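The structures come next, written out as structure tokens.
The two complexes that follow have chain A in common; it is paired with chain B in the first and with chain C in the second.
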Partner chain A sequence: MAKGRHRARGLTEGQAAAVLLLPFLAVYAAFLVYPFLNGVWISLHDWNLLAVAFNPDAREFIGAENYIRTLWGRNIEWGLFASPVMQTGGVLGIGLAFFGYRSGRLTRATALALGIAGALFFLMPGFHPGEGGRWYDRRFWPTVGNTITFVALAVPGVTLTALILAAALDGETRAKAVLRTVFFLSQVLSVTVVTLIWQIMFSPRQGLIANVAQALGGSPIVWLTDQQLAMAAIVITTIWWSLGIAMILFLAGIQDISKDIYEAAAIDNARGIRAFWYITLPNLKRTITLVVVLQIILHFQVFGQAHLMTQGGPNDSTQVLVRYIYQTAFRDSELGKASAMAVVLFLIMGAFSLVQFILGREGDER
Partner chain B sequence: MNRGYYWLITALSIPAFLWLIPTLWMISLSFQPNEVLARTTSTTAFGLVPIPFTAENYAALFSFGQTPMWFLNSAIVALGMTLGVLAVSTTAGYALARLEFPFKRAILVLCLVGLMVPEQAVFIPLYTMFADLGWHNSYHALILPRMAVPIGVFLMMQFFKSIPKDIEEAARIDGVGWLQIFWHIMLPLARPAMMTLAILTFLYAWNDYLWPLVSAREPERFTITLGLASIQSNFAQSEGLGRVMASGVIASLPVVILFLMFQRHVVRAMTAGGTKG
Partner chain C sequence: MKHVLIGTALAATAVTGATAQEVTLGRFFGACEDAGTDTTASVGEACIIQSIINAADAELDGITVTTLPTDWGNYYDQVIAAYAGGEPPDVHVMHRHRVPQFAGLGALAELSGDLEAAGIDVSDWAPAALDAVSFEGGIYGVPMDFHANLWHVNMEIMEAAGLVAEDGSPILPSSPEELLEHAAMVEAATGHDYLAADFAQFPIGVRLVLSLMWQQGENIFTEDGTATIDTEAARNAVTTITQLFDAGHADPQLNYADSQQAFLNGEAAVLVNGTWVVDFYSAEAANPDVALSDYYVADFPTLFAEGATWADSHMWAIPASLKRDDPETYAAALQVLAFINAHNIDWARTGHMAVRNSVLASEAYAALPHRDEYTGTASIARDTPAAENYGAIQDVLNRELQAIWLTGKPVGDALSDAELEVQDLLDG
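== the complex of A and B ==
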């Protein structure tokens, strides 16, 4: 260790900070800030990947045209009963947020998130093409719908399974540690390995599921090419793959609950399932919200499963947003439009990240 | 240990076994001859036991085909990315945690905003930028974008903030410069946090799919994750199911070994990665 007796030779605090920060700030500016801003810039252009590659002047500034081409259509109207189920759900969400907050059962951030989600579900599905109208991009909103369907199935699936497993596997015994390892293991595999396994698991001719079904006297199910079942197959794969993180977060949350509460409850004969219902669940509320928001962010970006297992099919039923962006950019060469969609994706993700950030803050303040 | 406990463990062993089946099946298929698999995948116990047994698939994998090269590419990219991320994150994390300088708050906020930008929102402009530079199909094209993700900086910053200040203050009084303090005192203390960040980065690098798919277009530069995706679409016909499964096992081996060896670190890393970014 350097032990100069006099005042440090070297740099002032500010200079030292500059030296230490510079490498990161350089890569950050070059490979994140600049590309991000450039993405917004590209989204304002008619920008064909191949044409611009040959001639940099082949792009044309068209303002918000790409956003209109993606999001809007001709003769779009808003109606209260365009999609009654989703709109009713939205109204219920708003109501739940309002009364939940008033009665103190929901924190401000949760109520706000729920309220905004409810408002979106009330407003968005109300838009539909009127007489003689049509969407400029027929595939965009169904793709968003598929992505939301995927999230709506995968997130509760992962959360519920992980919560039950975490409650059952909390403890210091060897057997529980082994079981935790088993359930976590698939989480470290790559998306290509996971889809490789499950593609063949689901195969009607070679698949394990079909083989077992046949041995039991059933007939093989054509999972991945069935319009109803393809999404289910992707969701099952995703639950198997990504249960681990949720389980670990729940385990951490459960360990934060004081053991005294359980001991006191045990005197009142509240053990096992009753202890889970009356003690674990209420004390885990914040962790559950955090895990749900995290999962929404994570699964909204789904790509590999749909790209590799079903190629978005059959009939676009598993086409998801990131895959649509990828295809628009690299198959159709429409970089401008793809960038506009990427910006939309960023805004959706950003909103959820903000919720996550606020939740994290609330937790730190406690 | 009461009776209820044993019931619980027994009851949970069944789903745990079901959970393992897909992985076991992959391993078992990788040890069966391709000719048999072409006819049926459920010779013995639904194919979960590798009888008839062969190690032929693994031998074939290493004697020809591109899997060894992809594996090497993945190793280079994952190690390079890990070193790169560690270098920029420890330095910047320390500066933000401990040093006072102008615009500190602004830089912090700017980095925080960067946490909210997903890979999917920047991969198109990154593609055009790297295309203009002629950088695609190279290792640095696969490594550099991840070095710009600020999550590592925040992990390290939090860690450095948790170290008591008196050690540094004593060194300052002795006249030790800031950079020496960082290098000789703080870095050795930061080893556990660096381990967590290294594992997080390595797992990410090894398993990343979208960016390599966009950037590496020549099979010579595929990572194993990408290479596996390229052969799985036509697995049964060209390669033979056993061989593709063997590739899958080989591709998973480093991360699974990493996980089993450093389970606590991996869990901590993935939790940190999950909650912070």
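== the complex of A and C ==
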């Protein structure tokens, strides 16, 4: 007995925590930190995937060359009106942050995040190749743009749909329980199955959508080879596929809200949509932040939908970053450049998540 | 008792070790679930190749052949990743245009010293077939076919438009202008499209434009590595096709499956597709439920100065590491290649052209359906240009051509963009 007490005393709280954390940290270091650092290391080399497999000396340290070849170009200039729409948006963001903070409507962190985002939107699109100049990689930035467009459409799409479904399906009736399962079911399918289903849905010859359109007297739309609609088709597929988890998180959040608040509100005649607006939504703020951050991280990594449904086409309009990284690494064997792109993707995802995280904390500080 | 047990175990190991030499095999062509082992009855690329593989598995003593799961669209990515990971399949199929990439790195086994012992007679290969698997003086594979783009023709539509010659063959255009005239005649007589092809997904449009450039004596890049895409010849080739879209005689938005369906449904007079579907379309044309009933296979017509059509070869290769590290499996892998080589006539049933002289000269080959209709193809077949990263170059061309016909990008812009990017790829 005495011995046992002695042992317990011998292990401080910090030591106990270290012992308990060790297994996780070991796995984390071996399977996440090490591969990540290895990727950064590879990105500093001219590294041909196939050539290095047969001759380990075939790689060459080239410093930041891969980053320059990916991000930069010859005779790149910065202009105030190179991309008026995005740059104006950036200026508006900076202005909003400034006046929002001055008037006390925004917290300091939020204003800072918004200001930095605005500055980036003002500065980044201003770069363009000057006379006789060109981007070294002409596809990289348009691909970044496509990926951001996809995230900008898919994240609100999933969040809003899941929120509405969660609010509608919260309750104890049998029908709602069945419908919850039905809406969650798509989540368990693999991307190959999902894209197969939607390729058939979108097909202008045998697709459900085309058949319905024809029955109503319309002409079938060729979704996947239309420059305007291809991205929309991929977003629709993604929303259908990935709203399950978001819906479950929202349902958990909604069920966490005390019923007393709804009862009190009902006395003040706030029911239905008004209760949803004034009680459910404010109380779900943390859940919404969580869902949005998770979705941003998830959807920046979109690959299967674009790869299998449109092959990045037509005219690269659905080419996304992970697919470009995949092609660079495995089709072209340029592992070094692909790793550099992956590091850039990591930074972009990190920055967006950070901004969202700071914005989401606003409510807690007030 | 103990001795008996150990003895039995040893004997069992010896027996299984001697009998079950497993050969893993990687291939594209698609999946066929119930191919069986009858190599003479299967239809379509996937089932014919799988029936040959199943027969090799059943008939070769002491060798089991395991077909690895692969996917057509990502096949080369998978093979490259497998090589990089040090575990490539023991035998795998590939295209001739990939030989510089793989053999150049030392990935493939040089086979010339071992083929004869395995029962493969190299002198029976057609000269072009030997050429297809040769690289810097060595032999890096066993050729299986020549394949090329053909014009698959619906004779019923051609007849309605008055485009059938006295000998019963279709009258095909001999210039871009005539192509447009014929298309208008088909439209007037039947209301159908003249031409269908996959312009929206796989690089069939690229192969079409390549053929039309070659017909003008031009290519997409020179031998010293200069891209020549923003040229008069390329513009002529592209406008030959876009004139059909502009006049409504072809639909650029159809992908592979949809364009094939349009042809089988009798909605297009001509489908541009490869040799690999001849037996499948013949079988479909014989099916009373399919609209296509009078099917003809024509050589790719000459619209400019000289005849030319896109072509390539399928071949089987063995990794260099297998020859070096595992002689037993290497010997078994060679047996599998010899078996496939011996069944060249079965593979030719798909519609592909055979590679062995003895097969090419055989009556069985001449008697294959529609074979006499495209005998000219062998002499106009042109290879994909050799480049280490041809996969990426083809993707650039496919993207820019699709930009022209799917998104209305001006031809000049698309060709100059394509030339810039292909030059980047050629420069490495």
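Simple rule for what comes next: the second predicted complex is superposed on the first by the 286 of 366 C-alpha atoms of A that agree within 3 Å, B and C clash if a C-alpha of one lies under 4 Å from a C-alpha of the other, contacts with A are read in each partner's own complex, and residues count from 1 in each chain.
The rule is simple: contacts are C-beta pairs under 8 Å (C-beta built on N, C-alpha and C of every residue); 3 or more make two chains touch, one makes a residue touch a chain.
On a predicted model such as this, the values are computed, not experimentally measured, just so you know.
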By the touch definition at the top of the document, which applies to A:F54: first (chain B), second (chain C), both, or neither?
second
Report for A:F330: first if it touches chain B alone, second if chain C alone, otherwise both or neither.
both
Give one of first, second, both or neither to describe whether A:S83 is in contact with chain B, with chain C, with both, or with none.
neither
Identify which of chain B and chain C touches the larger number of residues of chain A.
B
Quick one: classify A:T238 as touching chain B (first), chain C (second), both or neither.
neither
If you stack the two complexes on chain A, which partner ends up touching A:T280: first (chain B), second (chain C), both, or neither?
neither
Applying the document's definition of touch, where does A:Y34 land relative to chain B and chain C: first, second, both, or neither?
first
Using the superposition on chain A described above, determine whether A:R134 touches chain B (first), chain C (second), both, or neither.
second
Identify the residues of chain A that lie in both the chain B contact region and the chain C contact region.
49, 52-53, 326, 330
Once bound in the complex, which stretches of chain A touch chain B?
1-11, 13-14, 16-21, 23-25, 27-28, 30-36, 38-39, 42, 49, 52-53, 165, 168-169, 173, 175-176, 179, 181-193, 195-201, 206-208, 211-212, 215, 240, 244-245, 248-249, 252, 272, 290, 294, 297-298, 301, 303-304, 308, 322, 325-326, 329-330, 335, 338-339, 342-343, 345-346, 349-350, 353-354, 357, 360
Listed in rising order, chain B residues that touch chain A in their complex are 1, 4-5, 8-9, 12-13, 16, 19-23, 25-26, 29, 37, 40-42, 46-47, 87-89, 91-92, 94-96, 99-102, 104, 107, 110-112, 114-129, 131, 144-145, 147-150, 153, 172, 174-180, 182, 184-185, 203, 206-207, 209-210, 213-214, 225-226, 228-229, 232-233, 235-236, 241, 244-245, 248, 251-252, 255-256, 258-260, 263, 266-267, 270-271, 274-275
As the complex stands, chain A meets chain C at residues 49-55, 134, 138, 203-205, 222, 224-227, 311-317, 326-327, 330-333
Within the complex, which stretch of chain C touches chain A?
73, 76-77, 80-81, 83-86, 101-102, 105-107, 200-201, 252-253, 255, 258, 261, 389, 391-392, 395, 399-400, 402-403, 406-407, 409, 417, 420-421
